[in-house]
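One chain, subunit A, appears in both complexes that follow, with subunit B as partner in the first and subunit C in the second.
Let's look at the complex of A and B:
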């Protein structure tokens, strides 16, 4: 070891290796940055904020304006006079009400199923499993998350269709329809719900649960009055994911749902084949409003920090 | 808290049962990739590697893979840069409108994909007058990937605290030197985790992509979607799917290695 220990010549300050003289006299630009907080902040914020505003906020605003336009039925050109016709159509035509309710129903069903499945699994992973098993389980939950979305939808079609695995094992095929949509969506978004709940459970110290147990609280009471309140942000974060992802999905519905359309399908059809972009924009306002109401309602829970 | 052995066993059974079920559809795809029958009924008729041979020679699949990788790499790089800047600004400073900026970042991922898709489609074509291409996909993907980098970096910054940076400043290092030598090294694994998540999101994204991809740019998910229901191509899609499943293990394994490294350091 003696050869490796620093010889006196190594630690003697020398002109080339000694940072001290440069230290307190930082370059002028750096001094300016240090003094002017607003300058630092605006340098940090300008690029990302410009991106978000120019790309996304402008696009959303334009979408709102487009929803107030209409399409000339003769020329199929966009008529840029402002009108509430599209929204009137949404309100008057029963199809849109049915599809909106169906979409909300499916999104709620998927979210409830996912949270119900995720809670016990996340609890087992975070609080009961040994560290080694826990790591294994995290990998097991994560791997399907990385497998392609289309692959998973496709395989559910193969499993659920007539003559498929579900049929063969005696469960029977649900055929194409809402049941198949709900099963597939619940499957695909499940990892997105397990992970935030698992993360927030991991942060609940074991000692807290032990203390409650030592003081004589039965497990049910501990779960209800200690674990659950601490879990709310994680649950809400997971629920937002599954709810929003279900509401905006049209491909799963196409592949396993057949004719049972959801809002996403109507947006896609009107923007593409039907060539009625203004109506598509107006339909897209429905999920936007639903999500904005939801996001404002849950802001106070602190769940938005967990997304 | 004391759980009875029975409830422990029930929880364990439930967890392993659900996790086993999660893999059933994936195994069905694997089985079908060697199924001689094109109709994909269950059980498979036998074993063949014909589809694997055809998939290996599929130019469409290979080109789509390259496009997907290009898009994901560029979008991830952009998201890393913008997300880190935002996280530094929001975690280390307080300013007017901070909550609004916070909401703005999560909006592209909190709003349903079809909304983000049609808004960007309309924005590119209607307002900017840009033709859809590989670059419009990149811009769209970067926009919703920012939040994953942002979240990872912000969480790390929160845990790091500011004492090391203050010490560095007290010792005379400039703002940029402190960032390069003190802040950035501590952010490394958070950047890697956020970047990997962004890459995966972009690589797999289909809904926003269908609205922002031009004729000339076919990503792998779009190629899969286009070929899924063609009788001659469906088995090849199965093979591509199996390859994707196998390769998806690599990032998960890496992420696990990474997080255990972090635990080791702490």
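Let's look at the complex of A and C:
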């Protein structure tokens, strides 16, 4: 029995001399918590807040500070004098702009493809399929998540290689490059897009659709004016997943990207190969800033309110 | 409203302070670092921890047939724990932790370990098997600093030119196969190159022979102008490159399927390709190469067992096993006699000094020119990394 719940002794009626039976008497701890709202709140929130601060905010702050340092190229000792050199490099050097734009382009393409594929699948799963088929489809969508990311990407490498499965189809293989990256990433993040859209579609009451039908609305109008507005939060959630996951990825590009590189690769080579952690931190700020701008923009539209 | 704003600022300041202190706490001092060589050995400690390239420290756990660590443990009573690394830079970070007694380092890593006082000089008299090692591997520029030896040689190998003879015909004899526009044109999108800033040296080596007016004396000592020329050459090559490789399994697959038909490689990669049309050659210009040495950490907790390990891995039996398994030239003629494949040393040109002279072993490019020039400042590894990012675009 927990300390907060009243024990049998607490609810026992008071001595007979009492004019009226007293209500339950809380223990001192509970009484204190009851009176001090802020204490109750802070106790309740302290664990998640500490986690948020330490793991998330401090890590981000550390990243920002690291990006203001520089590094000795021979001994790789970090020089802790503050400088904006890294950010100046990012601005001055054209290659970082090119890579940022390329990464954005790939992320947008992957998101558009995923949403386009996920919408009909999710619609079928939520509204048309029988409960049995629906269960099977959910399992089918989730199954790829059980396989390792690397296995999936290397499988795509084999599929896209010369003489591989893609070649057999007759359309020819795109080979290794940005197209291969977009295909592979679209495949890998698809479950993360289908599921939120499916979940939000499931919440659309069938009666709404029936009512619209009874009132003579054509199906296109029903989709446009009833289903779609209710779907937006799900689509946004799915799109944020596929977009941010693509922005940060470097493994797929490494394996099927051919000679191309994305922001993740620049972070990887600077942190792993060049031992230039400050520059890597500065590059890592780019996707963070992009995501912040994007999330703020989305919040303005109100799409996050129903999430 | 204003109040909360101020509170937010205070909180932000506190967070900044906190993260700064967390970060500064990570930088440790130079205590306990011993860079002088020992005079004599003491009693073995019963354990040793080793940091090495994959395949250098095999105890049978990856492949029961490949095990030379158990014999060492039995012989010396030093129990081995080991960790393998993927790149020299990863090794550098791990070595700094001070948890490893012995480190197998390539030429682009060894001097950095010495410069950052992570390496302890070695008394080669205490390594009896050192006597067998080929003389040209001893006291090289990447294991000896100011007359002090910091490492005992393990083995070496070259970065060769690999090609599929169906696509590249006649068989190339020059690095022009991957740098010359006319020759690249035929194999557009099927050219491959090593994915590391150190590959800039390959371009510099080619320019050294084909553009004497640049006056490149050493592909690892490039001033700004010479680096720019190498970068320009690599940017031109970039248009024909299908992919860059750093994972050797990726290159094996690409050559087997035909996604890549020409590019740099290691002998061990060629040995793993079943396609009979794929061949390797050492071009007339020579090649870049690696030459690994075993180094002793300045923070070594088990120096005596570490010395035992260095002596053991230099012994003909162990060196033959380790270098043959990895696919590189052993370090001594005695080791060549112990390889299971009698042709191993011939394949890898072990002990062939003429061959080794054509090789430019990996070095870390530093500001102070490695070729002895004092009138200019050379470009360092950080600049090479930046240039590499730019080349790949």
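Keep this in mind: the second predicted complex is superposed on the first by the 265 of 307 C-alpha atoms of A that agree within 3 Å, B and C clash if a C-alpha of one lies under 4 Å from a C-alpha of the other, contacts with A are read in each partner's own complex, and residues count from 1 in each chain.
FYI, a residue touches a chain if its C-beta (ideal position, glycine included) is under 8 Å from a C-beta of that chain, and two chains touch if they have at least 3 such contacts.
As the structure is a prediction and not an experimental result, all values here were calculated from the model.
K.L.:
So, does A:150 touch the first partner subunit B, the second partner subunit C, both, or neither?
P.N.:
Only subunit B; A:150 stays clear of subunit C.
K.L.:
After superposition on the shared chain, which partner residues are touched by A:182: those of subunit B (first), subunit C (second), both, or neither?
P.N.:
Neither subunit B nor subunit C is touched by A:182.
K.L.:
Check the residue A:58 against both partner chains and state whether it touches subunit B (first), subunit C (second), both, or neither.
P.N.:
Once the two structures are laid over each other on A, A:58 reaches both partners.
K.L.:
Touch check for A:66: first (subunit B), second (subunit C), both, or neither?
P.N.:
The answer is both, since A:66 touches subunit B and subunit C.
K.L.:
Go through the superposed model and pick first if A:163 touches only subunit B, second if only subunit C, both, or neither.
P.N.:
both
K.L.:
In the superposed arrangement, does A:282 touch subunit B (first), subunit C (second), both or neither?
P.N.:
In the superposed model, A:282 contacts neither subunit B nor subunit C.
K.L.:
Using the touch definition from the top, say if A:126 reaches subunit B (first), subunit C (second), both or neither.
P.N.:
neither
K.L.:
Determine, under the contact definition given at the top, whether A:40 touches first (subunit B), second (subunit C), both, or neither.
P.N.:
Only subunit B; A:40 stays clear of subunit C.
K.L.:
Using the superposition on chain A described above, determine whether A:231 touches subunit B (first), subunit C (second), both, or neither.
P.N.:
Touch partners of A:231: none, neither subunit B nor subunit C.
K.L.:
Would you mind checking which one, subunit B or subunit C, touches more residues on subunit A?
P.N.:
Touched residues of subunit A are more numerous for B.
K.L.:
On subunit A, which stretch or stretches are contacted by subunit B in one complex as well as by subunit C in the other?
P.N.:
On subunit A, the residues that contact subunit B in one structure and subunit C in the other are 53, 57-58, 62, 66, 158, 163-164, 255.
K.L.:
Touching residues of subunit C toward subunit A in the complex: what are they?
P.N.:
The contact residues of subunit C facing subunit A are 15-16, 18-20, 22-24, 27, 87, 89-90, 92-93, 111-112, 115-116, 189, 196-197, 238, 241-244, 247, 250, 253-254, 257-259, 364, 366-367, 380-383, 385-386, 388-390, 392-393.
K.L.:
Note which residues of subunit A are touching subunit B in the complex, please.
P.N.:
Touch residues, subunit A against subunit B: 22-27, 29-31, 33-34, 37, 40-41, 44-45, 47-49, 51-53, 55-60, 62-63, 66, 117, 120-121, 123-125, 128-129, 135, 137-152, 154-156, 158-159, 163-165, 167-168, 187, 190, 209-210, 212-213, 217, 219, 222-223, 240, 244-245, 247-251, 255, 263-264, 267-268, 271, 277, 280-281, 284, 287-288, 291, 295, 304, 307.
K.L.:
Touching residues of subunit A toward subunit C in the complex: what are they?
P.N.:
Going by the criterion above, the answer is residues 53, 57-58, 61-62, 65-66, 71, 73-78, 80, 89, 93, 95, 98-99, 157-158, 161-164, 175-176, 254-255, 257-261, 266, 269-270, 272-276.
K.L.:
Using the touch rule from the top, collect the residues of subunit B that touch subunit A in their complex.
P.N.:
The touching residues are 1-4, 7-8, 11-12, 14-15, 18-19, 22-26, 28-29, 32, 39-43, 81-83, 85-86, 88-89, 93, 95, 101-116, 118-123, 126-127, 139, 142-143, 146-147, 151, 169, 171-177, 200, 204, 206-207, 210-211, 220-221, 224-225, 228, 237, 241, 244-245, 248-249, 251-253, 255-256, 260.
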